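Look for chain A in each of the two complexes below; its partner is chain B in the first and chain C in the second.
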Partner chain A sequence: MSLKTFFGGIHPKYAKELTAESPVEILSAPETVVVPMLQHIGAPAVPTVKKGDEVLAGQVIGEATQPVSAPVHSPVSGKVVAVTDRPHVNGRSVLSVVIENDGENKWVELEPHPDPVQLDRSVILDKIRAAGIVGMGGAGFPTAVKLRPPKDAAIDVLLINGSECEPYLTSDHRLMLESAADVILGAKLLAKACGAKKIVIGVEDNKRDAVAELKKHAGAIEIVLLDTKYPQGGEKQLIKAVTGREVPSNGLPFQAGVVVQNVATAAAVAQAVRDGKPLVERIVTVTGSVINEPRNFLVPIGTPLHNLIEAAGGFTEEPGKVLVGGPMMGMAQHSLDAPVVKTVNGILALSKGEAVVPEPLPCIKCARCVDVCPVYLLPLRLEAFGMHEMWDEAKEYGAMDCIECGCCTYICPSKRPLLHYIRVAKNQIVAMSRKQGN
Partner chain B sequence: MSTTLVSLISMGMVGSVLAAGLVYASKKFAVETDPTADEIEEVLPGANCGACGYAGCRAFAEAAADGKAPVDGCPVGGVTVAKLVAQILGVEAVEGTHRKVAQVLCKGGRAEAKLHAEWIGPRDCRVAQNTQNGSFKACSYGCLGLGTCVAACPFDAMYMDENGLPVVIEEKCTGCGMCVRACPRDIIVLAEEPQGVHIRCRSLALGKDVRGVCSVGCIACRRCEKECPVNAITVEDNLARIDYDKCINCRRCVAVCPMNTIEYQEGKPVLKKKRAS
Partner chain C sequence: MEDLKLVISPSPHVRDTDTTEGIMVAVLISLIPVLAAAVYFFGFSAIRLVLLGGATAVATEAVFQKLRNKPITVWDGSALVTGVLLALTVPPTLPSWMIIVGSVVAIVIGKQVFGGLGHNIFNPALVGRAFLTASFVGSMTAWTGPFDTITRATPLVVGAARVRLPDLFFGSVAGSLGETSALAILLGGIYLFYRGILDHRITLGVLSAVIVMSFLTGANPVYGILSGSVLFGAVFMATDMVTSPYTPRGRWIFGVGVGLIIMLIRTWGSMPEGVTYAILLMNAATPLINRWTRPRIYGQGVQRS
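Take a look at the complex of A and B:
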């Protein structure tokens, strides 16, 4: 039987064996945690504490004041030593609360609920919002906002994304193996919150052990095996593969009647609603060829990246590049002082040899980028438009539909920076439409 | 004999019929052009750079002929072209139009400004700025040094020096503004010709942060602001800004600047008051 999948995509070297067998280890909080107020898409949270304040673990330290935003909680108990701009994994300096850990791990009083599935839809939504849960697959869209699409949208399917198509990363894989019950409970709660009748969990076929584990708890929930192909975990690709529906150009998944949530998000929802625990920790894969002992950690949000790398035995040699995320969509880091945020699913250290970017050669119009583009674009044309500032043409050729998966740049035999210039065009188109809107 | 003759005659007849057709078509379907616009187009530089805001020289010529564009609207041509256009249109040329020259407002090259990491992607500042906000360079306001402005210059008036900063060749610069638009960090501005004093920094970071990443950045110490006899310099958002209209090029700020951020460009008349705007 052929497995379900989508059009295009690539088969990179997965290198998941480095950490796939290593159980999640709990990493205790460092002496100082740095908690950025921006850990999601949308408006940054506004700090509710000031220098000198004593905070408890799980206490709100940043509140959401805008509709698209998420509150931030303290991962440790201790004293606020600064509220200031600190380096963030996105490369900017972001307003952060710096907390000195007193090591006592005193928690605020949590409100557990023994039978969370019986709760009302609005109660579940409120709990998800209050726990500061955002999409933990990488994008970081506030989950409570995503669960409430416009009134006229009829949501019938909730898709739980367990594909983890990024090479190297195994944090979702380990989560499904070790906390399958949480994932299933989270999925039920999410389905109730968005009103979906049907729940489907999509998992790539390189994680059959996780599927077996999920099936033990699944009940009526359908689990679909998907072809191992990048970007299988892309929202629109997953919808196409599992349901056969297509999200319209420039559209959002609710227009296909689907809401997609990551497995890590589902597990966080289960903990938030059942235990009342806010999102203050997550699983991070620390891997790569220059990491001494690649493995998975459960770390408090706000732990600096260098702590994780030290816990994994440090570097075997000087790395050529350190990325947050996977090799396809990860963000290169210039400093290891930036902290883990809600969206960090992995830290990948590549050797100097692996990090070399070859000199680009002229495009030979072989159209391999067209063959692999999962959203049916012409990356070679879009690159030229971006390079030569032809923004109107770029828009006409669908630049805004690009999901920035990087398949085109990966497959290009001339090693051209295709995605780099599509991004330039996208940013310019957004800036232009903003200008016209004013 | 007969073959040659027949072919000559037949080809000649075909030729004359087609020629008659062409003559008729050129009369019947002639496109009316504005002779004034033609004349103006003749005197324009013909670079089609778009600096005037129109889609090339022809479009500007047509707009000028209709009176929609100002006679001195071509920044590349400057005073000379403005006078010629005015002559064609029979209007008075505006006196005292000054040549504009691009100025790079960052002195933080490889020797002065700290780098967090080495940039190994495409040599294009726009791409670098899109990649984690160009954070391979420690200063988030300064020149990324990948030469996008140089590539954008249609007049070959810029080059990258060994220190990794763009340099404007003043004689060649036409003030078209292509580099200004190309720069993703907005560090290039156009300044009118007699202006010699420039504050070469765009950083809005706090003084101590600037000191940490760059040895020539503005630390907002306000000494220039106090020193200026005509109040042309104001410090706002941790950055000294100069009002080119007020500046008299006295160079007292250049002398007091502790970071050598303020620079005087040689070869300009000193203390010459510019036209009142």
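Take a look at the complex of A and C:
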């Protein structure tokens, strides 16, 4: 069977063996959980509770008041002790509901549905929205919004993303192995919700055991083996690899007739529609060279990062860098008090040696960045434009098409921070167009 | 877990192990077979010229950077590569002071005046070689045969038909130090390709253009490739990263352009060989080629459904 793939990309050290064999362990909620109102792209949820309120697990504590937003639920039963700004994994402070866990795990009454596939499209969409489900692969776009593109858009393919191309992470891998039935049910519900006739699940060929597991439940759903290459799970790359189509520049996947959803999102949808359960927990890989016992946990949203690290045996030595997400697109953390949110698929702790940021040398125009760029940009030019504040040229050379995968910075033998300067240029281009708009 | 001193930096957080210094070292390693062949065929002179060329280049770069109060970066290995490459393109009998002058010119005029590593437009070693050829025509064309010091004509001058093919392939002919042994050059080229440093599009572009032009002009394409410095230029000189295009299509155009100009000079020019000027001319065209061959960006020109 030939593997599907895209043009460009890199083969970093995957280091998935650290946790690929470790089954998901349930981590009970800590004494205090911190639940941010912003766990997705879009407008933050608005708190519906105040200090002193008693809450039940699964109860709405933040409601979506804007079209692009998602509600937030309490992962535990207990008492609200504060509604205040707290450190967030995005590096800022975000309005959060702090709940003291009473340890009783009392739930709101859930509305299960024994035969969820028979439900109407609008009912499925409502349940997905009400459950606060957002893209769990990392981006966090509200799922219900993504399933409802403009009326004239014809969606024919639902693509379920099981590639998990980020090195180190195995949370999706373990999910597919241990909850394949949920992934498949979620895929069917998602397909019904967006009107796609065809469902394809894409999985990198380093997870053949997960493919075998999915196939047991798949029925008519097609499962495609993908080349193990980063960023195979990038939305645009996955669409190109599986369907041969390209998402228009500056456009969205529905314009190519495709909706892409992560496997963890699909499993969450299954639980939301079948069991009536809102999104209040997720699988997180805790790994890295300085983690004592790397492993996978199912944790309540709102659990501080340090609780997970302690549960994994703590650090073997003082870490140099702690990331949320994988090493290619993850966010460096300054505080381990920030809590797990819906988009956190992994915690990666790097040693002091691994955390050293190398000194850049002059660009020797080796063009490796050009050869690996999965959107066919000229990263070396964009970097120069970003450094020299040539915003118009950066735009002209396609800076806004950059998906920020980081392949260019990774491959550069002169250790130049190419992506950093491309980001600078993108921010300036966005700022300029806002100015012109006003 | 308080008081951790955590590094905050933008993604990505892992880097490839290959470095610019590593690339320079790999180029030097790839030159070992060529160097060995040069020593075998031309003796001590090869060692003399390569050592002088390399050492002068490194010293010149260090002095130049010191004078300009810039950080001294000779440890990146690029100056050494330039000096060694230059030495491999000169005749075995070249006087020592001439290689020193050529090496100084290569580093100062070819590289440092443009701003150093990565900023030069022309291949520095070839700038040095062009300077030497223009200044010391006699010494730069005083070819001696292998294993002796008798002046002989190169295969390009005597005509291909009078040279045995195995001699051309293994390198037992008159010529510049590094250019005579096709076998040694191929070994180095294969190593560089395997290490991901040699861009096959440039090398194959040069060679295919020479082959096609040889057919068109009625010459023997095998002799066309094996004689003179075509192979050395196609493997070690045209593929210089700094001075060749960075777009995929641009590299083909660059390589084919080099091959065409070589054959134009050889066939209709007044010089027997044209590799140096062919590459320098295409170096000059590189910024334009880059501009004209920008890749189509993913999703551009795609119809929205």
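Criterion: the second predicted complex is superposed on the first by the 436 of 438 C-alpha atoms of A that agree within 3 Å, B and C clash if a C-alpha of one lies under 4 Å from a C-alpha of the other, contacts with A are read in each partner's own complex, and residues count from 1 in each chain.
Assume contacts are C-beta pairs under 8 Å (C-beta built on N, C-alpha and C of every residue); 3 or more make two chains touch, one makes a residue touch a chain.
Please read these numbers as outputs of a predicted model, since none were measured by experiment.
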Fit or clash between chain C and chain B when superposed on chain A: fit
First (chain B), second (chain C), both or neither touched by A:378: second
Partner chain in contact with A:212 - chain B first, chain C second, else both or neither: neither
Touching partner for A:110 - first (chain B), second (chain C), both, neither: neither
Contacts of A:431 with chain B and chain C, given as first, second, both or neither: neither
Chain B versus chain C as contact partner of A:92, first or second or both or neither: first
More chain A residues in contact [chain B versus chain C]: C
First (chain B), second (chain C), both or neither touched by A:421: first
CA minimum distance (chain B, chain C), superposed complexes, angstrom: 5
Those residues of chain A which chain B touches in one complex and chain C touches in the other: 91, 321, 331-334, 355-357, 417, 420, 423
Residue ranges of chain C in contact with chain A within the complex: 1, 4-16, 18-20, 22-23, 73, 76, 78, 116-119, 196-197, 199, 241-242, 244-248, 251, 294-300, 302-305
Contact set on chain A toward chain C in their complex: 10, 12-13, 91, 153-154, 167, 236, 240, 246-251, 255-257, 306, 309-310, 314-315, 318-323, 327-334, 336, 348, 350, 354-358, 361-368, 370-371, 374-378, 380, 397-398, 401, 404, 406-407, 409-415, 417, 419-420, 423
Contact footprint of chain B on chain A as seen in their complex: 90-93, 321, 331-335, 355-357, 360, 387, 417, 420-421, 423-424, 427
Residue numbers on chain B that touch chain A, as the complex places them: 116-117, 120-122, 124, 126-127, 130-136, 140
